[in-house]
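You will see two complexes here that share chain A, one where it goes with chain B and one where it goes with chain C.
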Partner chain A sequence: MKKKTLLSVSVLFLLLCTTATVAQNFLEGGRVSGNFQLDAQIYKADSAIGAGEVDEKMLMNAFANLLYSNGNFNAGLRFETYLNPIQGYDPRYKGSGVPYWFGSWRNEQFEITVGNFYEQFGSGMILRSYEERNLGYDNAFKGAKVRFSPADGVILKGMIGTQRFFWEQGPGIVRGLDGEFALNDIFDKEGNCKTRVILGGSFVSKYQQTEELYAGPDTLLILPANVASYALRANVTRGKFALDGEYAGKMNDPSFMNNFIYKNGHSLLLQASFSTKGLGIIASAKRTDNMSYKSRRTESGSFLDINYLPALTRQHAYSLSAMYPYATQPNGEMALQGQVNYKIKRGSLIGGKYGTDIAVNYSRITSIKKETAEGESKIGKPGTAGYKSPFLAFGDELYFQDFNIEIQRKFTNSFKALISYLYQDYNVLILEGYEEPMVNAHIVIADATYRFDNKQALKMEYQQLITKQDEGDWLQVLVEYTFAPKWYFTLADQYNYGNSDKNKRFHYPTVSAGYTNGSNRLMMSYGKQREGIICVGGVCRNVPASNGLTLTLTSTF
Partner chain B sequence: MKKIFLLAAMAVLILNVSAQEGEKTLKKLPSVNVKTLDGKTINTADISNNGKPIIMSFWALWCKPCINELTTIAEVYDEWVEETGVKVIAVSIDDSRSSSKVGPTVNGKGWEYDFLLDANGDFKRAMNVNMIPHTFLINGNGEIVWQHTSFSEGSELQLIEMVRKLNAGEAIESH
Partner chain C sequence: MKMTTMKTRIKLFLSAMLLSVFAFTISCDKIEEPYVKVIESIDTAACPIPEFPAATAAVKRVLLEDYTGHTCVNCPSAAILAHNLKVANGDKLILLAVHAGFFAKPTAGGDFTYDFRSEAGTAWDDFFKVGMVGNPNGMVNRIGYPQSTHIKSPPTWASAVSSALAGEPLLDLQMINEYDATERKLCTHIKTRFITSIDKNLKLIVVIAESGIIKPQKNNDPNSGVTPVIFDYSHSHVLRTAITTTWGSTIATAGTTNPESIVKSYKHILKDEYVPENCSVIAFVYDDETKEVLQAVEVDVIQ
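Up next is the complex of A and B:
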């Protein structure tokens, strides 16, 4: 498989080059660019915090992207190497190779891409392939896609491909069509209408050879080979107001994720916002019911996803506020979120000389209501229609709740500060899969930066998490000195001072330093890392406890 | 055998390209589709500031240093525009989880930049961005003349210094 890729890449490049030699000026104006990242960790066992012995002592991930562009032609590849994958990455990444390469060209109306590619239809509820390199997530398609824009305001897309599964491709073939119509660009070229309307629709179908599977001693399931899904979306903006909505449906898709029920899936996402200079308000609601959609029906975990179900919660940036992150429950959830951003004017009595920023955010996610399906006595029995669920009813079970407020203010030219309070409820059983009481956590954060001169600054962070459940209370203190634009030094300690088991009240100190020169950056950190979930974008990765040295090098050229 | 083939292909390519290194081509903005805050699709190759420089910053709502950078620049932005004619384009790489929050949030903060949404990372990949904040300086011809990752207090002064140099026609140290 890998060899085939190598061969294809070589052919692509050779073709490119020979063409260039024939048509002398093909490469003229062509440009190669790229980037590189290396993460290496040297481990030291620490039985107290649960950091195990690592046989290799040192583990390393690295990748490099190379892009060639010339006018309307682009080609690129990514080399990846995991020798062996650093802790927290799936061990199936072990090895080296070129899992990603593509060629694409475009003119006024068409854009054609062959090879590996990423794509998203609408908000991604029925199709999205993307990568989060730093979490080891990549569900790129391999195949072909075409984008066609026959007129202003009209974008049609079609694609076919299989999905990346570590160094292989998943078994399912995914076919997709999407159309997007910006009505104003089509019918109102002069721009007389103040309301902007964009409509879109998509259709996706996956094919995986049919299988027969015993769900019980006398329940033989015949699993559908083709599973279709569709979505409709609208986006309306008028001045300060915006309204966004997408509805998605999926045909019966019995899979490991939904315990092999034959129920259709649905999802609805609605968002409304109002914003003007100094004030922004947004409210969102989402319902998800049986929407896991993968290109292998027996797949568990977060691989081979065809679609993406965005979590309607705020993504936090401080480590203790991100300690209990929410992940979308594809089998069913009702979610609500609201956020207000407000700036108290600069120069006002309360706003101070530079103004004050306030942000309040609230989200609440519960189960959906499930009732037994017709003629069944049990909810979610394999081989049945699973359950019935009234569309607008909230379930009784709370999955996650987060209230947070953040106030940020610059006091003088050299001093600024942020304070924040959060309250979170986190359902351990649903989100981590083991029996534990719901975590109720209060979190306070204070973050202050003092600027000595035009280059030097000191930043201090204080974070405290108070909870009676799970591992109890935490404290984090961080001091960072920066010498712009090249250097930073950080000292930090996380302390589990409230652990109910006194022998587990550990400190997790780290020291780190970094050097940046233009787009080259070298970072080193030494210390202990607690076990936890790191989330970026939509994906979360469980990182085991570790103790040792981490080195990260990134470069772009 | 196949590896040799690959290496040979790469070598030919590199030789081909380096053969014309003499004239030193700067990388132009790639041609990728992104969205504006009101949902309009635009091609990044068409981005311009009437011959004046552009500062392009890749950021996200969950990225503290990015917000720090944009907040810091916001305070001096009026002066920068007046002095140099520079335009800041902030490219959010937030995905559909929070891309619709970008508009209300930046309005709530009173930022007056141009904003683009790159919800599936197409522009980010084409610009070789790994980590954010990643800031580019683009000249009046749409060519990338300088870039920098990370933000620390005071970095904005280096950035505007680069813009001034660019306006004065001085050489920018290569990236």
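Up next is the complex of A and C:
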């Protein structure tokens, strides 16, 4: 008995020692990093601007990322808590938990990730998972992915997973393969060729069990359980010129988003650019036709997207220029965009002492041409091929148009200014879904910053939006005083002075302050926020009107 | 040597492309026309449509769905509340206990291994998000969707039921059930009579509910039974299965004139575990846009 006990203790001791040694080796040289963010809002009802009563009085979103790295090994997790989700975020986020964790390791040729992961093939037109906290959007995969580099210039990727749907996983399984071949690295190691070519191809397939979906009172849809998509891409660069192109196709994928039609989807994205000192030119074109691709066929919101269709419009940073943002239309759009950036030389008569930057941008998005499918009298009828659409044919309906010019100049070492003019056409019916006339808006922005010394600066913004439609004219003024590196104070007011209903000519004043200490930052603001839409990369969410105190705390380590 | 390396690279390149093409071809179900199939119509030989009695004055009946679960400790008291409302309102109130969501999940072992859930109940709960808000909660005629006021907590059920009953019926439902015990075959016939013209997409859902199912139920209210578990709890009005599909059959389409009445008949074989004497058929018609239930009816399987 005594011998047995002694043996057990010895074995346990050895095991503990071994475990401790392994753990020590594992932890030795390891590095832990992370970040934290908390956003809390305390609400006060304001029926005038449409800010309703919030039962909880205070709502809060917070998350923390923890990452452990040790040589070729990485592991991490993200804790999220929404108690309850702040307004404008989907209430289905309510709760706390760890929706994201992963482990990954790599050697010379392989990199393997298990758990949750983000991935993108090419421009993302058939596969992209990402997180955008401003939108409350997260379609991370949960499964496994492998990255394999069998030779120089060759990268092969494979993945399988389901997608995050709030605190659950969507029902569809997504499988994907991607190959990228840098031809110069494969065939021209000596670097004789001045033209660089990268070719790529992707294949993605989703599986979702079939279900009973009606096309009419007595007809059921015959659904594909597996829906495949594919994409081919090329990137060619030579000196100052670059050309990018990607074509994507999708097989029959009847879904809520396309009104359960069986037409194949197509998308083409082309971009040409020229860049030299002081001058940059970019021209892009995109055609999208029936390319919504989700891992649940009945999903109606902006969730469970397998792919991402980039918006070919400029992402505006100022409040009024971003008041009418464009949301990508996956069912069909033709988009054109061009941008020229030019720097007038420093020291010249017009350029001034420090030079002057000019950016001119234009984008235009219309519908695609649609014709009735063979044997059908109506476009887009469920349970049919939907419609025919001649490739590259523009439709008649304008969705969005944006012309903008921006001039920035540094006048002295302590004073710089920006002025900008924008003209936008915004199709409310298409982009927001209700019958309103097209918004034609003229927007003017002036932004000046004066630096008193190395620490103190004063920034002033003036924005004005003029339109006869929607809520009419808006004005915004902002004054911000910065006392670097720790403090800033802002006073701002948005004023809907041109609302056709005189009783709705509201002010939306806010006062805010921020304090930064090392890697910690605390921001507070008090005031009113108008109802609006936030878009990032063509993906949008509605933000309800609110009135109250907002607090944001960020910290990294 | 250089040429050999080059050949290897080309082979590698082509192999990767071929692998991808192969992956693509096996990963797609190509559906050829026709993209739809006509649903098998009712076998009228097996379920001949009976003569319905002459219609009397239509009575408004209201559906109260109690979203519940066997591990939900507050659910027995909610069930008692629902029962009391049924006693007070009689046939005008139809109860349906929908077991769905977290508290309805069966456990791997222990007292709660029985699975009360149904495909329809889970789909409704996914759609209306009742379980996400928590159990017990319910819906009264599904009124309030999509403004998010459709989820009603038990203390608000009585007023919501009174309010829903106050409206005039837009249509009337009659039901006749015929049950063949030998084959366990149920023929249910539902007649929808339009009292006024309704220019909406209307759907009819028909489900089977069962009472008297004795299974354990968690409980934290001594007034509702023993705590923490009532082992011989009698589960009532449990949604067993949908006879129609989850979201029902279309009986009216917007833009078309309503007929005076329409009869839908369904054949259904009862599962062995259902006790026919304890089962009833519940049918309700709802507006497909607002999801509001406009009329409901409940008749026992064995009349």
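Convention: the second predicted complex is superposed on the first by the 532 of 557 C-alpha atoms of A that agree within 3 Å, B and C clash if a C-alpha of one lies under 4 Å from a C-alpha of the other, contacts with A are read in each partner's own complex, and residues count from 1 in each chain.
Criterion: contacts are C-beta pairs under 8 Å (C-beta built on N, C-alpha and C of every residue); 3 or more make two chains touch, one makes a residue touch a chain.
The shown structure was predicted, so the numbers you read here are calculated from the model rather than taken from an experiment.
Engineer: Check chain A with both chain B and chain C modelled on it and let me know: fit or clash.
Structural biologist: Aligned through their shared chain, the two binders fit side by side on chain A.
Engineer: Return first, second, both or neither, reflecting whether A:N74 touches chain B, chain C, both chains, or no partner chain.
Structural biologist: first
Engineer: Once the structures are superposed on A, label A:G201 by its partner contacts, choosing first (chain B), second (chain C), both or neither.
Structural biologist: Only chain C is touched by A:G201; chain B is not.
Engineer: A:Y354 contacts which: chain B (first), chain C (second), both, neither?
Structural biologist: Touch status of A:Y354: first partner only.
Engineer: Pick one for A:T276: touches chain B only (first), chain C only (second), both, or neither.
Structural biologist: First partner only.
Engineer: Draw lines from the C-alpha centre of chain A to the C-alpha centres of chain B and chain C: what angle do they form, to the nearest 10°?
Structural biologist: About 130 degrees, rounded to the nearest 10.
Engineer: Once the shared chain is lined up, is A:H316 touching chain B (first), chain C (second), both, or neither of them?
Structural biologist: first
Engineer: For the overlaid complexes, name the partner, chain B or chain C, with more touching residues on chain A.
Structural biologist: B
Engineer: Between chain B (first) and chain C (second), which does A:S255 come into contact with in this model arrangement: first, second, both, or neither?
Structural biologist: Touch partners of A:S255: none, neither chain B nor chain C.
Engineer: Superposed on chain A, how close does chain B come to chain C by Cα atoms? Whole Å, please.
Structural biologist: When the complexes share the chain A frame, the smallest chain B-chain C C-alpha distance is 16 Å.
Engineer: Residue by residue on chain A, keep only those touching chain B in one complex and chain C in the other, then list them.
Structural biologist: none
Engineer: For the complex, give me every residue of chain A touching chain C.
Structural biologist: 91-92, 94, 150-151, 154, 156, 175, 177, 179, 181, 186-187, 201, 203, 205, 212, 214-228, 230, 251-252, 254, 262, 383-385
Engineer: Which residues, counting only chain B, touch chain A once they are in their complex?
Structural biologist: The contact residues of chain B facing chain A are 2-3, 5-6, 8-10, 12-14, 16-17, 20, 25-28, 30-31, 33, 38-41, 61-64, 71, 75, 95-98, 100-101, 103-110, 119-122, 125-126, 128-131, 134, 146-150, 152-155, 157-158, 173, 175.
Engineer: Considering only the defined contacts, which chain A positions touch chain B in the complex?
Structural biologist: Those in contact with chain B are residues 3, 6-7, 9-14, 16-18, 20-21, 27-35, 37, 65, 67-69, 72, 74, 106, 118-120, 122-124, 128, 130-131, 133, 155, 180, 182, 185, 196, 198, 235, 237, 242, 244, 271, 273-282, 284, 308, 310-312, 314-318, 339-343, 354-355, 357, 359, 408, 410, 449, 451, 453-457, 482-485, 487-488, 514, 516, 518-519, 521, 536-538, 554, 556-557.
Engineer: Looking at the complex, which residues from chain C come into contact with chain A?
Structural biologist: 6, 9, 12-13, 16-17, 19-20, 23-24, 27-31, 33-39, 41, 129, 132, 148, 245-247, 249-251, 253
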